[in-house]
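Residue numbering begins at 1 within each chain, and the chains themselves are lettered A, B, C and D in the order written.
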Amino acid sequence: MTTTLDHSAELARAGANVSTRWQAIRFLARRYPLGAFGAFIILIFILTALLAHWISPYDPTLTNARASLAVPGAAHWLGADFMGRDILSRIIGGAQISLAVGIGATVLGLSVGIPIGLASGYFGGWLDLIIQRFIDIMQSLPLLVMALVMAASLGPSLRNTIIAIAIPLVPSIARIVRSNTLALKEMPFVEAARAIGIGETWIAARHVLPNTLAPLIVLATAQFGSAILVEASLSFLGLGVPEPYPSWGRMLSESAAEYMRTAPWLVIFPGVAISLVVFGANLLGDALRDLLDPRLRT
Amino acid sequence: MRVRRCLGWAGNVSVMLGAAIMAMASVPAEAQKRGGILRMYHNDNPPSASLLEESTVSATGPFMAVFNNLVMFDQLKPEESPDTIVPDLAESWAWAPTGTKLTFKLRQGVKWHDGKPFTAKDVQCTWHMLIGKGDVGDFRKNPRKVWYENLSEVTISGDYEATFHLKAPQPALIMLLASGFSAVYPCHVPQQVMRTKPVGTGPFKFVEYKRGESITLSRNGDYFKAGKPYLDGITFKVIDNRSTRLLAFATGEFDLTYPSDVTVPLMKDMKAQAPTATCVLNASGVSANLIVNREKPPFDNPDIRKAMSLAFDRNEFNTILSEGKATYGGAMLPRPAGQWGMPEEVISTLPGYSADVKGRLREAQAIMEKLGYSAAKPIRMKLPTRNLPTYRDPAVILLDQLKKIYIEAELEIVDTPQWYAKVARKDYTIGFNLTGVSVDDPDANLVENYSCKSERNYTHYCNADVDRLLATQSREADREKRRKLVWDIERILVEDAARPMITHGVSGNCWHAHVKGYTAHTNSIYNNTRFEDTWLDK
Amino acid sequence: MSHSRALQAKPSAAAGGQAKPIDSIAGIAVADPLLTVADLKTYFFTRNGTAKAVDGVSFAIARGETLAIVGESGCGKSMTALSLMRLVADPPGRIVDGEVVLDGVDLLKLPEDEMRAMRGRDISMIFQEPMTSLNPVMTIGRQIGEVLTMHKTMPRDELQKKVVEMLALVRIPEPAQRAKEYPHQLSGGMRQRAMIAMALACSPKVLLADEPTTALDVTIQAQILELIADLQRKLGTAVVLITHDLGVVAEMAQRVIVMYAGRKVEEASAEDLFAGPLHPYTQGLMASIPRLGLMRGESAKTERLQEIPGIVPALYSLPQGCVFAPRCPRADDKCRSEFPPYEEKHSRHWAACWHAGEGKERAHG
Amino acid sequence: MTGYLMRRFALMLLTLFGMSILIFLVMRLVPGNIADILVDSAGIVDPKQKLKIEQELGLDRPLIAQYWQWISGLARGDLGYAYVSERPAIEEILPRLPVTAKLAVLALVFSVLIGVPLGVISAVHRNTFLDYLMRVISLSGLSMPSFWLGLLVLMAFVQMLGWIPIYNRQPDSIWAEIGLLAIPAFVVGFRSSALVMRLTRSSMLEVLKQDYIRTARSKGASEKTVNYDHALRNALLPVVTIIGIEAAFLLGGLIVTETVFNIPGVARFLVEAIRSRDYPIVQNLVMFIAFVVVTVNFIVDITYTMLDPRIRLES
């Protein structure tokens, strides 16, 4: 009851031989084939980003006059853009940017949202009231509009893009932490901890937080996907990650859209990359929700 | 040698092609048909409708047709030069023997669009506002103030004569007055209105401007040039995406592309998509260049500046951006489109212009290596440029070239609102920049961008020798003598790496066969959109 | 509610006096059975293994008779009833074996659409939670009328009349008005009455009542039970009453089946069962009910209430041998290794226990 | 009930007030102001000219005074003057609203028309191949950036029909307009439909687990009656809430889609105004969007109470 993460009991009951981690993974993969596929996509994505330097056929920023708008072929598998930069290399490089934005914004959102939600739910009172109103305000704008305003106000850079995307992610994190905290703080084990004189902050951090982990993991996975999407949209509108970083969204934006007819691969491949990664994150998120949140099991 | 050949070829072909077609388009034998709306698109939102306050082609395109100048470049002649200047609101003009007084005889019976009569007072008002004489009201911006640095006052004699008084002779003043930007404004209309609902004397009246959507002009029935204009009106639909708008042109949604909107790589596709349309390629009057902060390390070191100049592979820029059709030279538009360009034999002697690209690169690398830089130990810096694709694309190529001389620059995309402020603060080492020139004349181009006093000399390049030579050439009436002076200035600018020039761009313009009486100019994109001669053969 | 009264209210004549066991059915035989359930097995196939929710249950019931199925929650009573209706959620549940013969028709072999036609018309069910068992966004009248339209064709106004009639029959005041109301506007007791009206609208042959009074106030409970008994007499419906409340059993049932962990462990007439429970589980159940002790005039002070230690085992990891052994005070090695056969220990009193009838005798006084 | 509504309304006003402060401050944190832009567009760097423009626009006044000017004007229905166009902001915003509204409504219709049936079918056939297929389709819809989908649709149109479905002039009739807007609306709606589908499905599954569904079955109701008469009726209640969330979601999608399809609506105008630091436009538009979101949520709340007899008939 203390944690829904512990699957060993369930695994054992199912009679699966889970003596090794690998077998546990195989077991889960069989139970959640779509989730496993999602995890596979994300894994490939992360590996691509980490190994970009070694697997990239060209330097993603290397221009080449002779390869301008090269058609996909042997030299450039996915073609080249107007400036002769290899699209495959740029997609591989773009994975780094997307990963940085996805993880950066999610982690930043969590690290701001969790304390806010904990404080709001655990201490209640006027603090809760103020935080709740503030969350209301933040949530009265669509995610993209909020990110847009923030991105414009911070100026275009990788760091600012991460911040701009993290800000609108905070309310939903704070909200979920708060509601879990409210439910948990009346639980016997929290009462017990309080009874033996453990400090309130310590209780909040050590006892309440780990128990909100499951919904947070589910939410974070979903937010990872939407952070990547929002980055793509911001970059598409010219307010995201600037050159020379090969951002997928910007690859799609004007310079690519200029060649929509003459060089469609400039529009197709980066879009496929974005969709695939977000699709993977969504599949994984769905499976994690099934796995971690038994109430939502279908 | 390769560079030079390429250069000459590119220039010749584009211009000759343009000129030939233009000549055909402007055959006057056909009888003009009246009526119809000219459907155009716009690639941008003009900042305002006030030509005197703006300096982009996005403003002249739609609004030049609302106004008249004193004089203008013949709309149907492709090349702009002192010889193609024709009367507009001025019937005739004459220089005083001292060369310091220029008197215009003005048309009578001309009416502003609001019905008020046009008089010499309006001419006086306009230029006094431009030189800051008297109350300028809410006239906010004055980008071409330096053009009239030499103008002390405008006097009038009666309602139909105005005289420009100069501090020193300036024969090229008449060229400046023929620019599309040199509109005559009414005294009685506040500037706020001129920015939003401009009142002119021109062939078309302003109807409305919906930002991000459209600009609409309608025929001025009272236009003082008899029988003109032929069109009932002109509409500009704003479409941001170039692919979209060019496709819309190809599918017949529009009659004419926006001036200079068709890039070289898209020309082929345009010809394939709209085979019956006329497409011409001309100098855009826009040069790609670098602004260099000579006070900030490492570019305070002349050796590094020299290495950078040597390292440019202009051909690569040219091939990627313009399929080799752009031209190279100094600050002035190169020959043959340009009137003032240096001869090829002069250009090839300039540092960093020799055809031996590899040799130059090796030389540049040697300089850098001597200073202790290498691929392992590069200079790291940021290279700012504006957040516009026309700036970004070439800047990316530049980054790649700088890498070869061990300068690892990261592009810093600066939003338009911060660009000039940043430059003014000298908050850059080198930056990528585009310079557009509306009139191919040193008094416009060089004075605007390199004289110490100019509002638009945002690099604050200031060289007393250059200023002295600028003043001398401006007074010089003999064109050949003036040309020599200009070349001297050009050499100093190149050697100082004032704004190292990369290429002078070319751009295309297309129109469907039924559009008549429109001519693309070969040496400017700013001065040919009066549309008073344009008609539709439908 | 007085318990002595409850005992008196119990019908004295048990049906099926001249009982003769039918083949393959271990248990009290019923002459002219209306519904016969034989060796019913309903298993749940879950990620965690197979749960045998109903494991070889057999019984029969005659027209107009009331049979009670008792046991703790989770012992398979409700699943037995749902299996009869063929409403076990599939997946994960499935009826894997057995027969459910109603009036000569084996329900388990019927195609789904024919089964559907039987539900509500020949066999219907009342559920435990009147709060949640009624559709919150439909009026009471519509929900009752729906049963009628599904099984009969009748003109609208007649339907309306019949609905009001049914509501009147279950003694809902102002029936015409109530028909237009939504479930949440009715009290718990009223909702259960409406539920009964719905179940009986087509005068079914068998009514399965799954804990019909558990969720209600004590005072209402008696009224509802009385209503069911009353309507049963009027309509001649056989009632399978599922409950954990032995008081209710005493009041309503002629015969009783005790279930534990999906199996039938004891079966007898109500009289016999209360007089002398044989299975230690039944004994435990009775000992845990205070009023049964009080009923016998014993002082609550002298008789400590007993509770059955432990909990019902998880159905997918049943122990070997007697399933009750882990909780049974009398369990020995034999119990733990061998499953006891279901035998007639006394006349018309069956049980599955190696030690049937031993000990605890004093509970019966 | 009225007490609840009053409280909700007060909270709504509070939220909007907070939003006004937030957006006002955030916009002023933006490096560079309109004066920079106006000066830059002319390519001049004279600080005197910039200062003059700032004075003209009141940008040199204290923030509190600027805020008060805006808010007090807003209360009077005066949105101030757009900096760039120098026209009343209301004249810039109002004419752009109808097309965005039409687009949003059409997109919402698409998302409901696609999302609800798919969600129901998916729930009814849960864990079958059909369910998996629909979930994968909806998930991929949710994963595609709508601008990319828009670009693909544009490319397909051009490639196949040689016609580009962009909004470059006011269509002749309302039907022609709807026909033209249907394409971008479909793009936005398809993406949102994924959300509606998923939520309908889970809502439907939740309902199908309810006791009253079992009751309906015990009455002999057919699967069709159970699914569409008993379950859907209940499952649609939370879907109504979803549509509220959708409204906000859609506005985000419209920003990029209006850009791709060149639709002269407010969403694209907002991006443009942000780029040119046109505070009066940005402030008022953002407030307007917040107002729409908050109001729609409010209306959804009311609708919910109207639709659910449990709440509606509460005294």
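Rule of thumb we're sticking to: a contact is a pair of C-beta atoms (placed from the backbone, for glycine too) under 8 Å apart; a residue touches a chain by one contact, two chains touch by 3 or more.
Values in this document were obtained by computation on a predicted structure and should not be read as measured data.
**Student:** Whose C-alpha centre lies nearest the centre of all protein C-alpha atoms?
**Tutor:** Of all chains shown, the one whose C-alpha centre lies nearest the global C-alpha mean is D.
**Student:** Can you name the chain that lies farthest from chain D, using the mean of each chain's Cα atoms as its centre?
**Tutor:** Using the mean of the C-alpha atoms as each chain's centre, the farthest one from chain D is C.
**Student:** If you tally the C-beta contacts for A-B and for B-D, which one comes out higher?
**Tutor:** Between A-B and B-D, the larger count of C-beta pairs in contact belongs to B-D.
**Student:** Quick one: report the Å distance separating chain A from chain C, using the average Cα coordinate of each chain.
**Tutor:** 52
**Student:** Between chain A and chain B, what is the separation of their C-alpha centroids in Å?
**Tutor:** 47
**Student:** Taking each chain's centre as the mean position of its Cα atoms, how many Å separate chain B from chain D?
**Tutor:** So the centre of chain B lies 42 Å away from the centre of chain D.
**Student:** Between chain A and chain D, what's the gap in Å when you average each chain's C-alpha atoms?
**Tutor:** 23
**Student:** Mind pulling the chain D residues that touch 2 or more other chains?
**Tutor:** In chain D, 31, 127, 154, 158, 259, 275 touch at least two other chains.
**Student:** Where in chain B do residues touch at least two different other chains?
**Tutor:** Chain B, residues with two or more chain partners: 240-241, 244, 247, 415, 418.
**Student:** Taking the touch rule as given, give the residues of chain D at its contact with chain C in the complex, in rising order.
**Tutor:** 127, 210-212, 214-222, 225, 230, 233-234, 237, 308-310, 313
**Student:** Could you please specify the touching residues of chain A with respect to chain D in the complex?
**Tutor:** The touching residues are 34, 133-134, 136-137, 140-145, 148-150, 152-155, 225, 229, 232-233, 236-239, 249, 252, 257, 260-261, 264, 267-268, 271, 274-276, 278-279, 281-283, 286, 296, 298.
**Student:** Along chain B, where are the residues that touch chain A in the complex?
**Tutor:** 240-244, 247, 263, 265-266, 268-269, 273, 315-316, 319-320, 387, 389, 392-393, 395-397, 399-400, 410-413, 415, 418
**Student:** Show which residues of chain A lie in contact with chain B when the two form their complex.
**Tutor:** Touch list, chain A to chain B: 61-63, 65-66, 68-69, 82-85, 155-156, 238, 242-244, 254-255, 257-262.
**Student:** Show me the residue ranges of chain C that touch chain D in the complex, using the header's touch definition.
**Tutor:** Those in contact with chain D are residues 82, 85, 87, 91, 113, 116-121, 124-125, 127, 129, 132-138, 146-147, 150-151, 182, 184-185, 195, 198-199.
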